[in-house]
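Right, one structure below, let's go through it.
Residue numbering begins at 1 within each chain, and the chains themselves are lettered A, B, C, D, E and F in the order written.
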Amino acid sequence: MVQGGIPERSLLVTIGGAGTGKTTFGLQFLQHGIENGQKGAFITLEESYDRVVQSAGEKGWPFEEHVQNGNLAVVDLDPVEMANSLSSIRNELPQLVEEFGAERLVLDSVSLLEMMYDDQATRRTEIYDFTKALKNAGVTTFLTSEADQDNPFASRHGIIEYLTDGVVVLRYVRPEDFRETRLAVEIQKIRDANHSRETKPYEITNDGISVYRQANIF
Amino acid sequence: MVQGGIPERSLLVTIGGAGTGKTTFGLQFLQHGIENGQKGAFITLEESYDRVVQSAGEKGWPFEEHVQNGNLAVVDLDPVEMANSLSSIRNELPQLVEEFGAERLVLDSVSLLEMMYDDQATRRTEIYDFTKALKNAGVTTFLTSEADQDNPFASRHGIIEYLTDGVVVLRYVRPEDFRETRLAVEIQKIRDANHSRETKPYEITNDGISVYRQANIF
Amino acid sequence: MVQGGIPERSLLVTIGGAGTGKTTFGLQFLQHGIENGQKGAFITLEESYDRVVQSAGEKGWPFEEHVQNGNLAVVDLDPVEMANSLSSIRNELPQLVEEFGAERLVLDSVSLLEMMYDDQATRRTEIYDFTKALKNAGVTTFLTSEADQDNPFASRHGIIEYLTDGVVVLRYVRPEDFRETRLAVEIQKIRDANHSRETKPYEITNDGISVYRQANIF
Amino acid sequence: MVQGGIPERSLLVTIGGAGTGKTTFGLQFLQHGIENGQKGAFITLEESYDRVVQSAGEKGWPFEEHVQNGNLAVVDLDPVEMANSLSSIRNELPQLVEEFGAERLVLDSVSLLEMMYDDQATRRTEIYDFTKALKNAGVTTFLTSEADQDNPFASRHGIIEYLTDGVVVLRYVRPEDFRETRLAVEIQKIRDANHSRETKPYEITNDGISVYRQANIF
Amino acid sequence: MVQGGIPERSLLVTIGGAGTGKTTFGLQFLQHGIENGQKGAFITLEESYDRVVQSAGEKGWPFEEHVQNGNLAVVDLDPVEMANSLSSIRNELPQLVEEFGAERLVLDSVSLLEMMYDDQATRRTEIYDFTKALKNAGVTTFLTSEADQDNPFASRHGIIEYLTDGVVVLRYVRPEDFRETRLAVEIQKIRDANHSRETKPYEITNDGISVYRQANIF
Amino acid sequence: MVQGGIPERSLLVTIGGAGTGKTTFGLQFLQHGIENGQKGAFITLEESYDRVVQSAGEKGWPFEEHVQNGNLAVVDLDPVEMANSLSSIRNELPQLVEEFGAERLVLDSVSLLEMMYDDQATRRTEIYDFTKALKNAGVTTFLTSEADQDNPFASRHGIIEYLTDGVVVLRYVRPEDFRETRLAVEIQKIRDANHSRETKPYEITNDGISVYRQANIF
């Protein structure tokens, strides 16, 4: 859907409601990178290390092996602690990325981090500074974000889509005949890249996310 | 609706408005477990011990007997007290689950627990930590949650669906001819399991929840 | 609409906007009980004793007589005072109910009581404890509740429908041709009882609430 | 539209947006009373004495004369002062009504009074006590109320319609072809009186409010 | 659209979103007055003196000349200062109007003044007192007001339409075929005057606001 | 779409959601100016200097060269710092503009600046004073603004569209058949200039923003 692929060293966000496969999307992004000789890191605020590795394994992606081979780091952080130490994480990020040699980074999810700040101004400033650090770290990053309750095209806190180079929207399409809810993906923004604005159906299968590029939703 | 059944040791939530049968859903989940040789626990913040046992009894599920046989624990807690002592409950949970040998746990409802925290940040942190403890306790848990007033697919506080491995949505479908309100169930998310995304009609009968897998809503 | 009638000793709520006949509904519930040899109590936060007796009288229900015969108590309370002394009311309720021998109780309306608490957490806790006391008092209770401004199926404060055993929704149906607004009733929940989910038209007549069970709304 | 007319000594409210003729409605209510030998009082928080008399005069209602004949009192109050002294007004109300012999009272508008209380709980308590005093004063009262911005059937603060014996809704009906906005009146509630629930068109003419009882809106 | 024209010495408000021509409407109102021998004053909180004069000039209205001839006063005020000194402005208003002999006054916009008060109660009281002073000043006043974001028929703060004698609504009509957005004007209220309730298209041309009285929107 | 082009020395805002090409719009505005012999300045709160230059370069606009030739200034500011020093920026602005000789200025985005003020009144006053300074600086300015989450025609904070001379709305049009999301542009306001009110489709191509003036959206 993106001509020439995702731009290197860009910061992207996947916005979606519960069950739209945001986490799978992130795991797959890393697996593809590692298959192509890139190193990656998966930072999760939602799951334990074991659950992440297990989830990937069930899709046939040998994360355990990747970790042992030094191609992958999986880090489970407590969101409260991450929020409290975000300024030091921010400062150490470039060095950590460089030392490990990560070219792909996933943070699942930025919403859980955002939620830890009660004061709106603090949240905005912290997230702004954090995205700036990510852009400077020389790594291609995919953030996952929960969707706004009322607007599937907006993120929960309505700011991250403005601070990223690209926005992918995952959402439910519920036909009026109540038959079967479908999943639809749309690229809303990729800075400096041409991209289709078509809404495409996708499924979460045993092998990961499958986008049906030739099909239309209905 | 789930291929291979609900994953063991996962944390699930049933979201539904008043009268959609969330509690019945939870009772039935335990009854099925006990019929298959599993032990279970029902924690209620909404009803008394007697009402829970009576409600199950009217569906033909001998909860009194299960309790006497040591296969079931029914605990009625005051939500205020539960909220106040959540950190100690959290700490003791794994031990309690292990000692009793519970493989299935129901909490009815997580919304009433969430409501007891006035401060949003405290609520999120407490619920986050609580779900983490539940995941670690080695038990398959079903939480019930009230639905958002305006969005039947979201929980009342909009967070629990992001912290669970599975989400079941129970909701009303009101046809335009005002004839009869129907009940519809949809699985929104099951982590690491294939599941149908079909919306299926169900009824609350004398025997519990009956999902009509072959039928469509209209 | 309920097979086998309303369960004894249950707590029910009637949700409806202004003018949907909630109060008439409550008066009629007591009149029916008294006609069948049950004693009843009507607690009003909205009207004076005289207005309640007069309103009933105009429907042909001799409340004055019922009071004199010791079959009915009509109590007009100030909502502020009721809110302030709710914990003592709660404590004395079982004794009062037992002494008077009331089998049916109406509180008109719970919304006015809820409104007296400005702090959400206090309101929830007070209402939760109050409904628990009502359930324990050994009496069948009908609360009336104002509807949410935007959602006729939800109560004004969005909590009472989750704490009761049954929910009856009274609402306006406004046809698109602007002809005549109609009234429609729907049972949303009756715990442990089968009930129809049909929406039925009703009218407020000189004889009280008349539900047209055989008719459809349009 | 009301069988047998408006009940004596009841408290009614007219809800409507800006320009729906609420004030005219109130003036006309008094004029009709005076024509039938009743005395009346018009309390305005929105206009000066002169403007009220002039407005009535333009409809052909000789309010100046009524005042001189002792059949009418027109009082312009400052809403801030009225709010501040509401408890004493409340106490003196029955005596004032009795001394003057008023049988009809109009307050234009209750919304402006409600607005003067910033604290919701204070507002509710004050308005509740005020409506109780009005009911006890032995006078038929018409309050005017602004409509909720989003719901023409609800009052601005969403409480007065629950505290009154009758509710009249005045609203705009905007046809989809954008031709001409029409005015429509509907009686939402009259306690202890049968009333039509038809929506009827009306106009504000040189002679006051004209309801077209035989016509339909479209 | 108003039979017999706008009533003298009345207070009117024009409600409209950005770009609906509220300011042009106000300039034109003054120009028409001056052409008919009336003096006028334009108070702007949004533009500089020079921009106002220039804007009028581009419509062919010689405001510079009017000012020099003593027929027009154009005053640019800082909204913060105006809010801070509103009580003294209010007191001096009648004298200022009388001394200058202004018969028409425009304030562009009342919303910017309203915004300067953070506290709702203060805002309401200040605006209420201000409108009362304007009514007493013996001048015909046109206020401009921003529209509510969600409801084009309501003002931004939802109070000014209730305090004025007349309300003119300017709004966008966006046809479903996405062709061309049109502008529509509707008189919502003129106290003591008959007025059409038709929605009429208008345009902002080189000569000012042009209402097409014979045309319909579609 | 604007007859005679954008008025010189005016203040304009482009409102649009994430991915609608607001930044590209701003870059193109400067490139066109420089091609016609005007100097320009690009102030970004969202990107680094390098990213701005790179983004322009990919559209074929040699910003690096423009900077070296002294025809362009690209300044990346931290929004927190800009907010904190806005009053001094405001004071120095006219001098800076004059010294550099800039005739076109872009600020990307005003929303990020607005967000830095937590207090609404402070935000309004600061933004009001800032727009006034921009109008006085003798430069044609294009601000970019995020759109309101629920209303694509309103800015995020709902004030900037009232303080500018022109408003351009960029938005998504999502056809009901879910095929392809399209982009649409509409001029909402240009003070003192005639402009079309047609909604026109546009695309973000390798060469920048392309508006299809002859085409309709559907």
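In this text, contacts are C-beta pairs under 8 Å (C-beta built on N, C-alpha and C of every residue); 3 or more make two chains touch, one makes a residue touch a chain.
Note that this is a predicted model, so its numbers are computed, not measured.
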Shortest hop count from chain A to chain D along touching chains?
3
Return the chains common to the contact lists of chain A and chain C.
B
Just send me the rotation angle from a CA overlay of chain A on chain F, rounded to the nearest 5 degrees.
60
Quick one: compare the interface residues of chain B with those of chain C and tell me same or different, with half as the dividing line.
different
Roughly how many whole angstrom separate the Cα centroids of chain B and chain D?
50
Rounded Å distance between chain A and chain B, as computed from the means of their C-alpha atoms:
29
Sites on chain F at which at least two other chains make contact:
150
Please categorise the chain-chain contact pattern as a line, ring, star, complete graph or other.
ring
If you go round the ring from chain A to chain F and onward, which chains do you meet, in order?
A, F, E, D, C, B
Residue numbers on chain C that touch chain B, as the complex places them
119-121, 124-125, 128, 132, 135-136, 148, 150-151, 153-154, 158-159, 161-163, 167, 173, 184, 186, 188-189, 191-192, 194, 196-199, 216-218
What residues on chain D touch chain E, complex-wise?
17-19, 23, 46, 48, 51, 54-55, 58, 79-80, 109, 111-112, 115-116, 118, 146, 149-150, 172, 174, 177-183, 205-206
